[in-house]
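Working notes, beginning with the structure itself.
Every chain is named by a letter (A, B, C and D) in the order it is written, and numbering of its residues begins at 1.
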Amino acid sequence: MHKKNDNENNGFEKVNQIDLKKDMKVSELTEEMSKSGVMGAGRIAKAVEIYKDMKKNNAAIFFGLAGAMVPGGMKNIIIDLIEKGYISVLVSTGANLTHDVIEALGYSHLQGKSDADDAELRKKGIDRIYDSFMPSKVYVAMEKFFNQHFDELSRQKNIKDFLWKLGSLLPDDRQNKSILKTCFAHKVPLFCPAIADSGIGLMIWSNIAQNKSTDINAFDDLKEIIDIAWTNKVKGVVYIGGGVPKNYIQQAMQFSTPAQFGIQITMDRPEHGGSSGAELREGISWGKISEKGKFTDVICDATIALPLIAASVFVE
Amino acid sequence: MHKKNDNENNGFEKVNQIDLKKDMKVSELTEEMSKSGVMGAGRIAKAVEIYKDMKKNNAAIFFGLAGAMVPGGMKNIIIDLIEKGYISVLVSTGANLTHDVIEALGYSHLQGKSDADDAELRKKGIDRIYDSFMPSKVYVAMEKFFNQHFDELSRQKNIKDFLWKLGSLLPDDRQNKSILKTCFAHKVPLFCPAIADSGIGLMIWSNIAQNKSTDINAFDDLKEIIDIAWTNKVKGVVYIGGGVPKNYIQQAMQFSTPAQFGIQITMDRPEHGGSSGAELREGISWGKISEKGKFTDVICDATIALPLIAASVFVE
Amino acid sequence: MHKKNDNENNGFEKVNQIDLKKDMKVSELTEEMSKSGVMGAGRIAKAVEIYKDMKKNNAAIFFGLAGAMVPGGMKNIIIDLIEKGYISVLVSTGANLTHDVIEALGYSHLQGKSDADDAELRKKGIDRIYDSFMPSKVYVAMEKFFNQHFDELSRQKNIKDFLWKLGSLLPDDRQNKSILKTCFAHKVPLFCPAIADSGIGLMIWSNIAQNKSTDINAFDDLKEIIDIAWTNKVKGVVYIGGGVPKNYIQQAMQFSTPAQFGIQITMDRPEHGGSSGAELREGISWGKISEKGKFTDVICDATIALPLIAASVFVE
Amino acid sequence: MHKKNDNENNGFEKVNQIDLKKDMKVSELTEEMSKSGVMGAGRIAKAVEIYKDMKKNNAAIFFGLAGAMVPGGMKNIIIDLIEKGYISVLVSTGANLTHDVIEALGYSHLQGKSDADDAELRKKGIDRIYDSFMPSKVYVAMEKFFNQHFDELSRQKNIKDFLWKLGSLLPDDRQNKSILKTCFAHKVPLFCPAIADSGIGLMIWSNIAQNKSTDINAFDDLKEIIDIAWTNKVKGVVYIGGGVPKNYIQQAMQFSTPAQFGIQITMDRPEHGGSSGAELREGISWGKISEKGKFTDVICDATIALPLIAASVFVE
């Protein structure tokens, strides 16, 4: 509980200088950040508070996942969030799901260097994602897996069912838990409108190129996500990065009812007008975010901010 | 032609201080920037040079369009680029195509303010895209248009054909030229893997919600874009922003042959690992960009950089 | 002249899509940007308008110069701005003045590469400023110059007089015009509070280390810049980057009267609270910027934005 | 200790997915980040490791403090770092020292809002630093303090002595510990080349304006910081933000011997060439950073990164 300030402070709380201590817990650090309450630290603390509020209020939590989160070491945190009920609906880029499949099939990403010689990497068969490396041989394993399961996968009628089916087919290995399998197991709807734009899409293409076909419709998922958004009147949105995941959730809010809670973690900036850097506040004008909602924009690399926030939220 | 420097400069060109003059042409300014050759100015100049080289070498030019480019005033430049042969294949976000439809239907975006009261805007029926405003009544006009043409549109088998059909149906008005119609008219393949994630997608949804259906497949376009990438051995890529458009083109290069020319204009940064901020150089490791390719990353708001570059390219 | 919009647009101007044309002038391009009026392009256009307004209103123009502007090719533009009356008071980092001295002594910066091997450069005697290279032998020439003139320079009582004296001593060479000499010649007050933090400072240090001394006071310039700020009731501020130059001008406004016009060009961002990324608007609360002032924050690499703006301003 | 990976991983470490746990300590979280090892999280972990290494190797630690660190809640962390021996030499902006004086005199910064109406704040006498507010009445208290102590302060011959004297004069209050007093008490040299560019400078000006004078030399500190840099052969640099503090330390390294350890925390970016965003690696070419040094650039809001790093370092 923050001590109220005297009248001299015009009704504002003090910026309490952050105090560290030995063996400090993450939740204690973010609590200190809540007492300072300003700049990036203040926003981290506010995100912790809002995420707890979403849960406390039984909000349906729509979670948008963009950026290199699986190659960046965030996979198990996402899985924890699903298992602990902090994600009700997941919308992802195709890339994160592809990297999730790759790890599920037994491969790891590697700690590389961002200033590596890319031509040398090419010769060695290593694909670079900033400083996270991936052996290109993963495509052989993926191709084998997708060719083997093409019939089951291609029969699905929409992308969500395709992804749940994919999750159901992945190996069930405690060492290699996957986002896809966890969504399937917990019946968390998983959307990926741009699934064609990914390694998974390419695996489907390699079958299509051999005159096979799929029944998977480009638009049909919209009905399901908007239905969920309509049915749930208390809603939160959490955006890791922007891109399609953010926008797809935002438009589901726009065409149902606005979200009361919101967290956005991004390094992009608003001034150029793109959706990825747009402040959550902008969503009020569209009816995507509630005028009376609690929300915060955390301007931070998600591989730093998400662990900090999640570790503080999980305490309770 | 730049004067070569003497031996004292270790073989490097001088940074010539940029000289301005009265009534200077844009192409003269970017030529001065090429003589300075460093920082952002040097990259603008290099982008001009590379774009000219793409054309001179008859490269197939794959153009990725993300960000708020139509609300940001870039529509006619994109149309010019298509008409003059500087775009061979266009991959766009759904949002830019939605805003293109809106203008084609006779509406304009408006010069607003980024610090407007969003709750007030909501009451006035204005949607905010940073400082570009859009009357929300455009949805009524869009709905009317899409309901009227739903049968024709829904019969298309893939997204590209859907978009060409859409382009063919838009009014042909010299005052309201559209990207969609221009692509259709010039037979420039137009891809939008995440079309469901857009106002256009929502218009289709409103029909699906009334138990209508579409035949549009989520994956089938992959075959066409990769075929084009295979057929054309000399290729350039131009990325305005990142997101799906960039990645979709990059993977078409990866699964065919790498691009020899590349330009990227973005404000995102590479360190967090996301694809939107990734340097083009990274693509060499994946086989997306040729090791011997000419490419540059312009770190700039595209509404500043694109007009500068395009105005300099069009001179010839 | 922009055409007024009809009532349907709620009193807002249209975002006119930017039209390019053959042999377009820079001023015509920024005029088009003024008609689109949004995002980065709109701010470039607004900066042009505001800079013209400063001149038209005979404002005293305080110009803050930070960032690698001389190594980045902006020197002659700064000199033009001084000569044409667009800079009344210049506040600079020590680095820009040091690089100005270096060029005045006959050396050039070189077009290098940002991914060069820095250990190799070290061996070759090349100092790197991102992708602008500088031969480290310039320090020999600088040392010779400063040792030769130490007596005259060290007798000055404040930094401004020190810098004018320095300007007066630099070679008068049409090929190597300098910011320092131009300020001296045009009697434009030149301030550099952190002069000790620069190559020039180091040249003074090498004399101090040999038991010589200077009379130059750390605080005395404050009186002069605040007097100028007091005397001039119509004022504009132009900030290239942030740092000490911006803050030194801002505090002169705070302790006199607020500026009516303002332009800031920066790539830094506001959320972390540092002065360099702070929006000009923030200055209203401090009395640094007039509540009724005209100002704009251009989020852009200054080596792109400054030439665009200056070339458009110089037309008149 | 990280488990070594098998041959299949080309000698690279795995990116271990970060695992959270209940009641996790900050040091455990950054240890997990070290096991993932990539993107921002990997850099945070590397910064922790390097900072510990500096201490273990008895490096002289030069700490550059820029940005709004006192208004942002970082004051006590800086004080802890000094007291625990993690800062050997401090170089600060004038602003941070001014805000430090303000808190020492009994005032607090306040938790405000970044979208406040600045004209309203002006009327209420509140100065805004992004979302940290400061009552403008602090200037009255400062003026009283500086007028009272002007004679003692003005007699100092250089800025460092001026600042130590200032520290000695500040109230000794456990509730309001100050950076200035802590530096004085621990005999940690404190430099601020641009001291005139600050509220402290303005307090001196108000006395100068009344025809008082000071003896404080602008250049003399250079001898002391370069002597310290010469004497200590094992050195580390830590930069919070860029600006004068970073550059002043960097040039002391350049004119002595390069630093073996380096940490930089910044949100600025390198491409525009300014020193604040320049990667530490660049310093190798100048002889500021050792070719064999251990260093990392953390791209993060310092109010997030610094507490995380410091809390992890303090464990030992």
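Assorted remarks:
Rule of thumb we're sticking to: a contact is a pair of C-beta atoms (placed from the backbone, for glycine too) under 8 Å apart; a residue touches a chain by one contact, two chains touch by 3 or more.
For clarity, every value in this text was computed on a predicted model and none was experimentally measured.
In terms of the distance between Cα centroids, chain A is separated most widely from C.
Looking across A-C, A-D or A-B, the interface that copies B-D in more than half of its residue contact pairs is found at A-C. Centre-to-centre separation of chain C and chain D, using mean CA positions: 25 Å. Between the Cα centres of chain B and chain C there is a gap of 33 Å.
The multi-chain contact residues of chain A, meaning those touching 2 or more other chains, are 38-40, 68, 71-72, 115, 126, 130-132, 267, 269, 271-273, 281, 299, 301-303.
Here chain D touches chain A in the complex through residues 5, 8-10, 12-20, 22-27, 29, 32-33, 36-42, 44, 68, 71-77, 80, 103, 108-112, 115, 124, 126, 130-133, 135, 267, 281, 299-305, 307-308, 310-311, 314-315, going by the rule given at the top.
Listing the residues of chain D that touch chain B in their complex gives 38-40, 43, 115, 269, 271-273, 299. For chain C in complex with chain D, the residues that touch the partner chain are 66-68, 71-72, 95, 114, 116, 118-119, 121-122, 126-132, 136, 159, 193-199, 201-202, 204-205, 208-209, 213-223, 226, 241, 243-244, 247-248, 251, 255, 267-278, 281-287, 291, 301-303.
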